[in-house]
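Here the chain labels run A, B, C and D in written order, and each chain numbers its own residues starting at 1.
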Amino acid sequence: MPYEIYGLTVYVYVGLIMLGVLFSLVRFVAGPSAPDRVVATDILTTITTVVLVVLALFFKRQIYLDVALVYAVLAFTAVVAIARFLEGGL
Amino acid sequence: MNNLILFMGFGLSLVLVVATFVVWLSKDLLVAILGSAVVSLVASIFFLILQAPDVAITEAAIGAGLTTGILLYAMKKAGRYEDD
Amino acid sequence: MIQKTIGEVFLIIGGIFMFLASLGLLRMPDVYNRMQTSTKAVTLGAMSSILGVGIIHPAWLPKCILIMLFILFTNPVSAHAIGRAAYRTGVKLWKGSVCDKYGSCMEDEDE
Amino acid sequence: MIRKIIAFLVVFYFGYILYSFIAVNFPFGERPLKGVAAHYVDKGIEEEGATNIVTSIVTLYRGFDTLGEVTVLFLAATGLGLLLAGMKEEEKEKPEPTLIMETTTRYLFPLVLLFGTYIFIHGHLTPGGGFPAGVVIATGYFMMFIAQKQFKPSEYLLSATESFAGTLYVIMGLLGLALAFSFLANVMPLGVPNTVFSAGIIPVIYIIIGFKVGSEMTGILAHLKEA
């Protein structure tokens, strides 16, 4: 296996992140208005960036960080675009 | 440890399926666009788990803004709510 | 070894912050309160986690700092855009809110 | 209602079929490779000099397919421009972007362009390549479209870049045909693997594809914005 175990810490960490993803998903499905769902998407985007970095740690490949960098640079574009659409200025 | 990644995969595939259902059943097309953005996020993570970083970086670049933008411009022309 | 432990501590701090942020997203009463979690807690949690990864592998630290800087730079902008759009589209404040500075500011602009 | 139930059943069945494939073949990467795949993995680096074998497959072994894909993208962009030509949005009051958005995007735009350049220059060493780089650059332009009051790239420059890059791609292919008797052959020196100046024509082709995809996507977004 290309990745090694970092002890119990990593299990706790992944569990916390997965709970976070689950809660955001509940808000995404249940959110009463569109801005609630946009906020949930924003949080999911940031958590995705972190998950990509942590996967690079698990697989021990530095080049995987590039994918996380793409999200870190560009992910806010979608949220800003949707916000501009909501206020009618797109 | 394989089962850590497997656990992550189960959680994320739940997100994938639920977001797809939101896209499918929502009458508000803006919510459908948001759902497709979430699907693209999770798909990118899955491509990285399956050791395909080239595909993951392409999915990330397309899903992070361009698809949303094109769909939003199209929705601005076509109207926001889907009528039965 | 000690360096690995420090990195794991940062990872756990980040995980706890992201968990609390998502809990806040679930429990907070209105859009504006929920937005706080996406601006503050998630940004801190993400930066702490990425710093933890950078400390575990010191060779990755420059790229990790780059990712952290971009998150720090872009997340507040998206939260600002959402908050403004939500207010403009007429999402109501929670009934327990005590202060609405932006509303009075917009009234001044209209006059 | 009945249509939705049928659709759900079809989707469920399809998902079950896909899952059963995964369940059978899950230990991926543990079987020995056969045929062409084995040749690519074993001989790829010494034949073409690219550390990232996927790029040497995409641009050289299967380079003709990539040319076809770029052509499809070009046709899609041209068709969209033809469809939207003459459509003009009626003038109306729009809320202007705030100072925060404008300032952030103004400072972020050069960084995004730099990042796109990094992706296509490093295509043969790290994941990435021409297509993601072009899309990143186009997303940078999209960012400027939504968050700036006055921003309009020159339409003439966009189509000139696109056409010039497409022509250059075909010329690179014909160069291979002239010098090594096969279309898109690797005619430049291979260099040392794992350095920037290696892998022959792969970086050149990726730079061309990056410019082409970036200008095409930006053109699509500009057309859609005006329509």
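Going forward, contacts are C-beta pairs under 8 Å (C-beta built on N, C-alpha and C of every residue); 3 or more make two chains touch, one makes a residue touch a chain.
Since the structure is predicted, the reported quantities are computational estimates derived from the model, not experimental observations.
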Chain whose average C-alpha position is farthest from chain D's own: C
Two chains sharing the most C-beta contacts: A-C
Mean-CA-position distance for chain C and chain B (Å): 21
Averaged-CA centre spacing for the pair chain C and chain A, given as whole angstrom: 12
Centroid spacing, where centroids are CA-atom means, of chain A and chain D in whole angstrom: 23
Multi-partner residues of chain C (each touching 2 or more other chains): 74, 77, 81, 84, 88
Residues of chain D touching at least two other chains: 95, 101, 108, 119, 127-128, 132, 136, 139, 142-143, 146
Chain B: positions in contact with at least two other chains: 51, 53, 56-57, 60-61, 64-65, 69, 73
Every chain pair meeting the contact rule: A-B, A-C, A-D, B-D, C-D
Touch list for chain D against partner chain B, complex: 28-29, 52, 54-55, 119, 127-129, 131-133, 135-136, 138-139, 142-143, 146, 217, 220-221, 224-225, 227
Touch list for chain D against partner chain C, complex: 95, 98, 100-101, 104, 108
Touching residues on chain C, where the partner in the complex is chain A: 4, 8, 11-12, 14-16, 18-19, 21-23, 25-26, 31, 34-35, 37-38, 42-43, 45-46, 49-50, 53, 56-57, 59-60, 63-64, 66-67, 70-71, 74-75, 77-79, 81-82, 84-86, 88-89, 91
Residues on chain C engaged by chain D in the complex (per definition of touch): 73-74, 77, 80-81, 84, 88
Complex interface listing, chain A residues touching chain D: 63-64, 66-67, 69-70, 73-74, 77, 80-81, 84, 87-90
